[in-house]
Amino acid sequence: MVSMSIVEEKVLSEARLALRGIPGQRSPISLGDTGVKIGDGTLVVVAGPCAVEDRVQFFETAAAVKEAGAVGLRGALFKPRTSPYSFQGLGEKGLALLIEARERTGMFVVTEVLSSAEVPLVAEVSDVIQVGSRNMQNFPLLRTLGAVSCPVILKRGLASTIEEWLLAAEYILAGGNQNVILCERGIRTYEKMTRNTLDLGAVALLQKLSSLPVMTDPSHACGRRDLVPDLARAALAAGSDDLMIEVHVHPEDALSDGEQSLNPKEFMVLMQELRQIAAALGRRIATLDRIATLERSETRDPYRV
Amino acid sequence: MVSMSIVEEKVLSEARLALRGIPGQRSPISLGDTGVKIGDGTLVVVAGPCAVEDRVQFFETAAAVKEAGAVGLRGALFKPRTSPYSFQGLGEKGLALLIEARERTGMFVVTEVLSSAEVPLVAEVSDVIQVGSRNMQNFPLLRTLGAVSCPVILKRGLASTIEEWLLAAEYILAGGNQNVILCERGIRTYEKMTRNTLDLGAVALLQKLSSLPVMTDPSHACGRRDLVPDLARAALAAGSDDLMIEVHVHPEDALSDGEQSLNPKEFMVLMQELRQIAAALGRRIATLDRIATLERSETRDPYRV
Amino acid sequence: MVSMSIVEEKVLSEARLALRGIPGQRSPISLGDTGVKIGDGTLVVVAGPCAVEDRVQFFETAAAVKEAGAVGLRGALFKPRTSPYSFQGLGEKGLALLIEARERTGMFVVTEVLSSAEVPLVAEVSDVIQVGSRNMQNFPLLRTLGAVSCPVILKRGLASTIEEWLLAAEYILAGGNQNVILCERGIRTYEKMTRNTLDLGAVALLQKLSSLPVMTDPSHACGRRDLVPDLARAALAAGSDDLMIEVHVHPEDALSDGEQSLNPKEFMVLMQELRQIAAALGRRIATLDRIATLERSETRDPYRV
Amino acid sequence: MVSMSIVEEKVLSEARLALRGIPGQRSPISLGDTGVKIGDGTLVVVAGPCAVEDRVQFFETAAAVKEAGAVGLRGALFKPRTSPYSFQGLGEKGLALLIEARERTGMFVVTEVLSSAEVPLVAEVSDVIQVGSRNMQNFPLLRTLGAVSCPVILKRGLASTIEEWLLAAEYILAGGNQNVILCERGIRTYEKMTRNTLDLGAVALLQKLSSLPVMTDPSHACGRRDLVPDLARAALAAGSDDLMIEVHVHPEDALSDGEQSLNPKEFMVLMQELRQIAAALGRRIATLDRIATLERSETRDPYRV
């Protein structure tokens, strides 16, 4: 039984759609035509590079994460960067790579939008749309996403409260799009030795308050490769429905976030650990429907995707 | 002499436009055709309601803040609200009220935009465009604002570092718009008895590092009416170029932020205190060019603006 | 391989004892004469009430946590309380209850000291001494603890950095006491729906940087009973050497921290989950040496300890 | 009129002594036999080095701050240092220097205690005892200070809430010592370009809630010399009863906190600015009773104190 404080009761009264359903039970959301559903009890693993940099990097990484067992492929085309002088992503011209990667691997694909202008095009191409931390309270964008049916991963703001996060989800839900996935990615604190502080208490609490699926991004949470596996295991043990993990075939050459990206071998070791913990928890790692995947990926290619 | 740490040096190397000019000296920015310049040593005071609610509320408040000595009038039409069920502002249809208020009072007007879509229209009407805290890292919006010439007030993000804030300004500056004003409005901390924590150290530091004007919003910083005058005086003493203060003719009836709005009488007392402190600091409060104002406001109206 | 930032290198150079040993390998510490060692790869579970309230409450709770599989018994006699008007603990007169509970259960006992004055007496009686968050930088106390040989649990300060925490440990180590255990218990952030924010990134990082054992207190970290099991499982999965969990036979009647205490049944369920996860990770839960325990607890008592 | 939230009401009910008196009115506290009273409307300025390092440094600094207009002299003998390998202060043997400095200058002296053990000796010698941030919730120490009559400066904890701060004061007040002065010194936030974030909203709020005098330490708040004057002026404008400012004759040689210490010339410029702002606010800077001072300092010495 969940105890309800005054703060919680206030949230409950306003975030009525985000908290609808049977608390503690998930409302599963289908991801692309992979057959994978987030929230059905399986652990859904999404992996891939921070940004899609070029064909070789993206396809090699895609092949590697698929081989290790990921069912979703991430890769940003529109990058929110703190400095205007940093690499800003491939933009629209990278969408073809997303489509091709999906066809070859059978994985569902996830990419980020930065403004309403990109939504129509991205919603048509991508299986899942991601709203980054800096845009969690970009209300016009949230309204636009309320009008499409594509699943939306809503990352928690850099320093957003759980209340604000649920109410941001409420904007999308109130617009008519019920496919909202909450993603904890670490919050800003005074600590300097890690990039952010992963708040698994929020993950656990949301699992009890809401029926929206809750995922965790351990890569941004700590910002350092050596801690990602520890936090990924912890997120699973705390009850995450999904993990999103940055993987790059050559982290040392990445155009962004290389210091927090696992290489394929590290990712494969992690997946094995996750399988064991999931089994101990009575859960299994979501896998791709082999037949559907095979049909899509008849043509082999040099990247062995 | 400013001491330069490693962190500062890194910022200096990236925020090259935001830190251009002679550190410690401001580059004044003209505000509308009022003759008022922010950064010329005077204290520029902007006041008005959180949101434009209706004609009577807005014009009465405008008249009151002008009488007390404000030279700029604030009033949001597009409101970023945490909950989708809260009052979201009058939107475009309120722009006529902004225009009319400016004509009657002679004050320059400031209003907020939430997305690139609103920029063309608002940049045509408003003397100054405000980017709210939640949009400080809305990079597409910052790029759009880099392409207009209208002065932009860039509020600090809820939990943004000074470095991130300067680099957000850099997006606008790099686009070609040199009229950027930084606005400190309190940062998020663990303290619960005030809405945010005003960071006057940031104001003082930016005055030394950058030549962009720096203003302070004490209303959002504390979130409670009884503390606004104390923090407004403090911001002046710390070297703010400008103050932005929420005033409402009937704070208890405000549709948003009433608990942090001064009533006209409280605002008038504060302006008198500010005049005395400014004089002690060798500064004066910016005033409207009377002739220009009279020409604009030939027709009297029932609100005695 | 651990990447070393500038900050880390600075810490490494000052916290030379706290970071001595082979990073990533623990230096096990014996706990009482139970045969249990923290840092030897087993998961050591300490449980018990926030405060020792009376004989019945303490012994019943002790019996329950032992039955569920805990090997250490916690219970504060000297309570640091925010308000001077709150229950401050039984003080010295409760030490006899600690001794008796140890004899009956065979568990090692842990209790907190608030000042140097209590150290001689407590070090003689208790198997482990705890330094609470508010005293992490009570340097005279740390010096005093450097002069005894009793193992010390050093809780992380409410808002202490990992660097400050290691340097606090350094005070004890530099005094000659090598038996220091670091305990993460959540840090203070802006989030209000949980009491603190558990920082498992710190646990994982310290496991890599230091050879001091690292434990986790999920009870204080979240402050709410419904989240304790989730965070306890997560802490194990992140690599904690030890868990400290508040358990009370009647949480609703507890004189302090009742809202974050598990009842015996909830604790037993949690222990079972921990056993399964530990097994999946190739670890086991530390157990008491049965013979030693039996010898101590020849006399049966009404609490069935 | 102060608005009372639920949080405030809870605090008011527990911190009954700290909030006794007429809110908004101070209960003045006499400082030594200087005739100076904190809380009587004057601005009391305390200055001096972070630590008493040696006779020459301390007396030269004392002479300089007195000449500039300070009425209180600070200097730590017992230093709380993050690292055990940093300079820890002169300890008891420095007390004679405090006494001598007071006799020569006529200023009241302030020094810090780290534990109950030092209280009897320090309370006999020093006019005011300081409790540092790291000890704000060192409850045994607070209880000991409740049993003396010496005024106590209670610095706010590194990340303490206003509520916790008032309840810490309550420990001293409940013990019978009514001479408690609250000192804001910046709180810990995520911002890295300043050491801490000065919370003048707390100063302003406490002035309204409590009748305890409230002072501000801008030196620790920002940690950098170039910002200290800005924040000192701001603290005065926000209503501080007192300022505590670190001054060192040779900041570049200081054994601790040199980077945040003003040199005598900078301090003199600041005092002149403070005089002007105080006058604008209808306040004056507290000055020493010349006759009393002369009597004490009949013997001239080479440091021209």
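Just a few scattered comments:
Each chain carries a letter (A, B, C and D) given by its place in the written order, and its residues are counted from 1.
Everything below uses one rule, namely that a contact is a pair of C-beta atoms (placed from the backbone, for glycine too) under 8 Å apart; a residue touches a chain by one contact, two chains touch by 3 or more.
On a predicted model such as this, the values are computed, not experimentally measured, just so you know.
Taking the mean of C-alpha positions as each chain's centre, the chain lying farthest from the centre of chain B is C.
By count of C-beta pairs in contact, A-B exceeds the other of the chain pairs B-C and A-B.
Note: centroid distance chain A to chain B, computed from Cα atoms, is 36 Å. Rounded to a whole number, the gap between the C-alpha centres of chain B and chain C is 50 angstrom. Of all residues in chain D, those that touch two or more other chains are 159, 163, 188-190, 192.
Interface residues of chain A facing chain C in the complex, by the touch rule stated above, are 1-3, 5, 7-8, 11, 159, 161-163, 186-187, 189-194, 197-205, 207-208, 221-222, 224-227, 230-231, 233-239, 259, 273, 276-277, 279-281.
Residues of chain A that touch chain D in their complex: 6, 159, 188-190, 192. By the touch rule above, chain C contacts chain D in their complex via residues 14-15, 80-85, 114-117, 134-135, 137-141, 157-160, 163-164, 167, 170-171, 174, 188.
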